[in-house]
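As structure tokens, here come the structures.
Presented sequentially are two complexes of chain A, the first with chain B as partner and the second with chain C.
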Partner chain A sequence: MGQLVVSKQAARSGRDLNDEVTQYLTFSVADERLAMSITAVKEIIETPQVTRVPMTPDYIRGVINLRGNVVPVVDLGARLGRGALTLTKRSCIVLVEVQVGEEDRHVLGMLVDEVKNILDIPPQDVKPPPEFGSEIRTDFIEAMGRVEDIFVIILSVDHVLSVQELASLRHFTDDHVADVEH
Partner chain B sequence: MFQSMTMAKKLVLGFATVLVLLVIVSVLSFIAIDGASVGFASYREKAVRANRMGEMQANMLMGRLQVKGYLKTHGEQDAKSFQQYLGITDSILAELIAAVKDPERLAKLNAANSNIDTYAKAFETVVTHTREADRLDSEVLANVGREIEQRLTKIMDEASQQETTALAAKTLRSLLLARLYVRRFIGENEQKDVERVNQEWAEFSKNLSALGIVMQDAQRRSLLDEVMRYKDEYKNAFERMVQLTVERNRVVTETLDILGAKFAADLDDVKLSYKAEQDMIGPQVQTSNDRAIFTIVLLSAIALLMGVLIAWLIIRAVMAQLGKDPGVIADVTRKVAIGDLAIEFDQNNLRGVYKDMFGMVDRLRQIVGEVRVGADNLSSASSQVSSTAQALSQGATEQAASVEETTASIEQLNASVQQNTENARITNGIAKSSAEEARRGGEAVKRTVQAMKEIASKIGLIEDIAYKTNLLALNAAIEAARAGEHGKGFTVVAAEVRKLAENSGVTAQEINQLATSSVSIAEEAGKLLEQMVPNIVKTADLVEEITAASGEQATGISQINEAMSQLDKATQQNASSSEQLAATAEELSGQASQLQETMSFFRTGAGNGRTKSRASASYAASPRHQQQPTRRASHVTEDFADSSIDPADFAHKDFERF
Partner chain C sequence: MNLDSARQAFIEEVAELLQTMEDALLTLEQNPADPESLNDVFRAMHTIKGTGGVFGYTPVVEFTHTVETLMDQVRSGQMMLTKPLIETLFECRDHTLALIDFIAADATGDAPLSPDLQRAGDALLARLGHVPPPTPTAVPVLNFDAPTYLPEANDLWMISLEFKADAFRHGMDPLSFLRYLSSLGDLVHVVTLLPLAFIDSEHFDPESCYLSFGIAFRSDADKRTIAGVFEFADEDCEIRILEPDSAHNRYVDLLEATPHDQINCMGDLLVSIGAITPFELVRALKIQEDSSQVLDGTEPAAKRRLGDILVEQGSIKSGVVEQAVKTQETARSKRQEDNRIIRVDAQRLGHLIDLVGELVTSSAAIRVMVKRAGIDNMNEVVDGVDYLVSEIRDNALQLRMVAIGESLSRFRRVVRDASQELGKLIDLVITGGETELDKTVVEKIIDPLTHLIRNAVDHGIEEPMVRQKADKLTTGTIHLNAYHDSGHIVIEIEDDGAGLDAARIRAKAEAKGLVKPDEVLTREEILRLIFAPGLSTKEQATSLSGRGVGMDVVRRNIEALRGTVELDSTLGVGTKITIILPLTLAIIEGFLVGAGRDQYVIPLSQVAECVEMTATATLKQHGEHYINLRGEVLPFIRLTDLFHNADWHRATNQRESLVVVRFGHHKMGLVVDTLLGELQTVIKPLGKLFERLRGVAGATILGTGDIALILDVAELAAIGQVPRHVAAKH
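Coming up: the complex of A and B.
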């Protein structure tokens, strides 16, 4: 169900971006350069103290205190099958807003090695994901963006932060998201 | 044990044993003969004493016989004889008393002596009494009696009256009877005779009184008065005689008879005790003599046997030690003395001294052979020494020239060493100042490094600022994007800010890299300077050492100079010494040939050693000495092959033969 919603949103955003240049935030995870649509990004922050949460999967790094709100953090390296990332001076958390169901919107953190820059990729340079050959599961990939003859993988945020995991996290993010809405 | 003793000990032991046995036999014989002699002497003494005793007894008995005779005859001859015998007895007795030691016998002899003395005194008394009695008898009684008889006879003849005549006859008869009995008393010494005499005398007295009354004639009357006077005298004399006789008889019976028997018995006892002792000693001496003879014969037999045994043992031991008759050994010694070592030994009886002689001769043969070889070697060596000495002399002269050159070189060396010392001192000062400067340079580098590090850390801050600025720019871009059309302008500004941030970050990183590399370079420079300091210090020290060493070198060189002058002298001496050495070598050569000559005295029976030694000597004199040892060795082996009996092979051959 969540998947359906995301794909709709993706289709809508794709339609919206057809006639204008879309901006993408690029970052690196385990020496791979990835990108995601800037519209999903809410904020970039330096890595604060992360509190580990027991009884959670490996890719849940823990929770952080974001101006008084509890925000769960997903370790993107672990999530993408590259192993848990080691924290450096340049490690950042990219806060994204994810819509769960009709109403619910959650703020999640993604731990990345380094934030690179913001790229403008025209729609004609955005190609659909390949059928085979990628090390990453294809449903994580939204599209392949061509930047100066190099393809950058544009991650599908809703797939990466899948519904079930988000649902399992709902019980300690629910209230705060609602507070943010109001 | 007997085998291990020396021959002298064996001989001494053997003869000592025999002599000890001889001494034992002699001592036993001496003891036995001495015992026999003592016994015999004792026996002889006893016999002599017994003889003397017998002699004394005979004299004493003869004395007693004389006494008896005297008592019978009253002869003076007997008294004299008695005195004679008594004297002999007394002398013998005195002799015996002086000689006899046995107390019992002595007591008996003394008793006998005193008894004899008493006896002699008693006999004296007896003689005195007898003489008195005899005198009374012969002088008084006989005269007075005859006077009375004559008067009475005259009276009787002249009497006219019948009655008076009868009475006178009667009186005369009484008188005669009295006198008869007196005579009889003198002969018999009987008491009854005395009584008869007294009886007759009383008759006589009565008749005489009666006659006195009867007669009236004056002449006759005077005769009768005389008769009356004589009658009293006679009577007194007779009584005196009786008294003496009784006394004498009493002495004879009480003293002489008892004492005579007593001392005779005493002396006889003593004599018998001597005899008994003789009887006892005789068989004792006989028995001990027999035993001594038996012992001596037995011991002599044992001594003879042991003597034979010891003689046999000694001969055996001596033969075991000598091995052969001394004549044979002497023969071998004589041969060795004249140098003949080719002696045939009886190989079957090699033992003792003979075996040692064999070993000695064998060893001598070997040694003579070795000495010959040695003499040959000596001869060759001496000629070698001679040529070497000449070479040495020449070398010494060359050495002298070299020494002078060396002295000059050392002078030069001395000058350069002085220069070195000065230079080293200057270098030392320079090195010290360099070390100080290097140390200061190192400190400066350290400060530089510190500063560089501070710069690097500051640049890190700038980098952080750039990163944060970049993040802010990104966030601004995100905000602008989210603002849509309204944020377009802001997006451009954000992009510019982000570019600036990126540029400053990149520049900071470059500066950082530069600073970091500068730090490492500066650190290296510091390190190098630090390393330089000890090196320079060490250099200074070394230079100081060089200075000291140069001083020492100068001293050393002066010492070398001195040594060179000594060396010069020594070289001169060497030259003269080497000449002397040449002369000595000549002499040595002469002595070596003399030694060869001397050694030819020994005949080993292994060919003629003298010609060989001459041949090797000629080899030694030849100029090709290098080949000489091998040549001579082959020569020696040839000689041994040639010889009929090889000295080294001699014993070996013998062993094979047996």
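Coming up: the complex of A and C.
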């Protein structure tokens, strides 16, 4: 697949034309079709060489060189509890801008199996998430979107890629290191 | 004219002046007769009063005026500079700062002073022996009935002010200039002039300014000072200042005496002796330019001389110009270029250094490409580019290097204030102030240093009585020292105070649950516990320190700069804290190694040597690995073990290498698969996500476009030590 670059501008102007409909990027992770609001997406790239960062949990896939900047990549499969993804020809990294604290913005990469397409889902087809019955952590689900009678999970990017949570896990501290030598 | 930016400039200027004043006061404390410092204090107060007056900040003017008057008396020997007086002057300085802060916080600039500030100011003035005047500051009465000519006198300044119509709209108040002018000398006479054809009431615009003033003024101030009064009115007022005859003679003398090598051109010359102000020069130069442009068409040869214009403008008398021309001509042949200093916006430098970083990466990429393509005859060119890039890099980084001394000298005040508050006698000795390091590092190290020095004053140095009993000099010493050591800067804070009590620290740490009672710790490890969060050995918290936050923050701040902090203390003898910091946060010399599937950079300054690893020389003890390096027992870490990234394709019997690294006083070995050589390393931060990741200081982009992580050797060693504690418990 070629490089599909979705600029924020395009996403916005799409919204302006039809205020009712929000656009969603859909992709698959471990054979499941997921969606996320397109407003946070900066661009989508083919997977380049990912450099592993030692002593980090498995959902931190590593770092990539994005035009001279070092950008961390989160393995969405591992993050959603589906196990680390295996790289294929279709694997993509979705670059997302997330809010850190009051003003800081941070660019993170999100490794997915395949990027599908961009969907318009009208608000009446966006339903609140189920309280249970999902294999994915409930706070990761922002809503359910109905697309041709199939419900697609719309991920809450702020929760899935919460920098605070990603950075504060125990794996980063000595506890993990302590069992290295055993 | 933008008043807000002028106000901002004023506030910044005051901050600088007050800093100068503080430095001067500190010197005066040691040497009360130092004339340069006396002048500095006087000048600071004087200038603040002046600029404050222009803005109409009456409280600032009144306050600084009193201090200035007093300093004038001290300067002329009418008054003794005693210790209590210096003390009061320190407080006056702080009060001025408070006044300015108050103004800065107040958007309109004319809110009444808060009662607290007013009281504090009055109290200080009372201590200076100043009785506040019963009536408000005298304002010269403008008498419109007076005759409309100026008295002829040869010792008077003649000042003419023609305000432009928009002056009021731009927030100018002509009266405030007069009021302030009166603080520099006597307003002998003021004539208020109205335009000849005064506009009738129908066309009169109450928002326009129609006023002009003619002023006869007696003062000892020089022309620059007087012109300074009107500095903020430049754009809204035609200002002409004609010096008295007496001054005129002085200018001629000065011109004769001016050293020839300092003469550049007519305008600068006149400004330098104070005959004209820079603004008058700019105005005259503009006229010169305009007139020559007009004349160019008709009569190209006639370019008007600057001196003539100045005389015509009424800025100067012709006698001065003649002398200046003479001086200028004799000097012309001997002119030489001065060494000049250029002030550059730090942001621009930062951008330059970023670009140089990209350049370093790009040139590494070229080398990789050339090697891959196998173009042999390009090697020489690539070498040349590499050499130039590394030169550019060094020079660019050098631009941002500043001597640390200026930042260290601010601690003199910290120590002085803190020791007085606690009733201790403390000398602060600063050495190595000329040591240079990156400005961005300097800015970030000040806070931790301030904390450490306050600690030394508060916890370290004992009270004079206690010191006497312990057979020590009653005056304690804090020694602040800086020097370069293998690509790092070392800052030492050493005091000859009480030292740290290891037993008490341990007891406290056990009480707080930071260590277990049966844990075996070395003395060094116990001392390091003071860097743990929530531990303060001083029983009672003082206003200075002892709240138990701090030392851990200090350590974190230093580690955030990729630095380390070490501590050594002997009970009853003193404490020495050593901070080791990298010189720059931007680009370093690195050493590239391969371990498993990845590549890592070790800061070259920390690499001591590389040796081939042989399995027979290693031994394992308590889960920790050691190697016998020429009879020395050296602990080592195998990177592939620590990072779990062994490359399974690699043959197990392949040779490994040992990189011996040093950090502080320690040495350690890192076992790697391959040595890949030196590398100019542009440090890229890993960002918030990896904030808590230890052992990795950042990342860099290699010539191939791949990323290599930069190892933090000291943290790796700490991680490597963890198993030993685990083992010790079993």
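Everything below uses one rule, namely that the second predicted complex is superposed on the first by the 144 of 182 C-alpha atoms of A that agree within 3 Å, B and C clash if a C-alpha of one lies under 4 Å from a C-alpha of the other, contacts with A are read in each partner's own complex, and residues count from 1 in each chain.
The definition used in the following text is that a contact is a pair of C-beta atoms (placed from the backbone, for glycine too) under 8 Å apart; a residue touches a chain by one contact, two chains touch by 3 or more.
From a predicted model like this one, the values you see are computed outputs, not experimental measurements.
Enquirer: With the two complexes superposed on chain A, say which partner A:His106 touches: chain B (first), chain C (second), both, or neither.
Expert: Second partner only.
Enquirer: So, does A:Asp139 touch the first partner chain B, the second partner chain C, both, or neither?
Expert: A:Asp139 sits against neither chain B nor chain C.
Enquirer: Return first, second, both or neither, reflecting whether A:Asp58 touches chain B, chain C, both chains, or no partner chain.
Expert: Neither chain B nor chain C is touched by A:Asp58.
Enquirer: Chain A residues in contact: does chain B have more, or chain C?
Expert: The partner that reaches more residues of chain A in the superposed model: C.
Enquirer: With the two structures laid over each other on chain A, which partner does A:Ile44 touch: chain B (first), chain C (second), both, or neither?
Expert: In the superposition, A:Ile44 touches chain B alone.
Enquirer: Under the definition above, what is the set of chain C residues touching chain A in their complex?
Expert: Against chain A, the touching part of chain C is residues 358, 361, 597-598, 623, 641-645, 684-696, 699, 701, 705-709, 719, 722-723, 726.
Enquirer: Can you list the residues on chain A that touch chain B in the complex?
Expert: Within the complex, chain A touches chain B at residues 23, 25, 38-39, 41-46, 89-90, 92, 115, 117-118.
Enquirer: Within their complex, state which residues of chain A touch chain C.
Expert: 49, 51-56, 60, 63-65, 68-70, 72, 100, 104, 106, 108, 163, 166-168, 172-174, 177-178, 180-182
Enquirer: Report the residues of chain B in contact with chain A in the complex, numbered from low to high.
Expert: Residue list for chain B touching chain A: 464, 467-468, 470-471, 474-475, 477-478, 481-482, 495, 498, 502.
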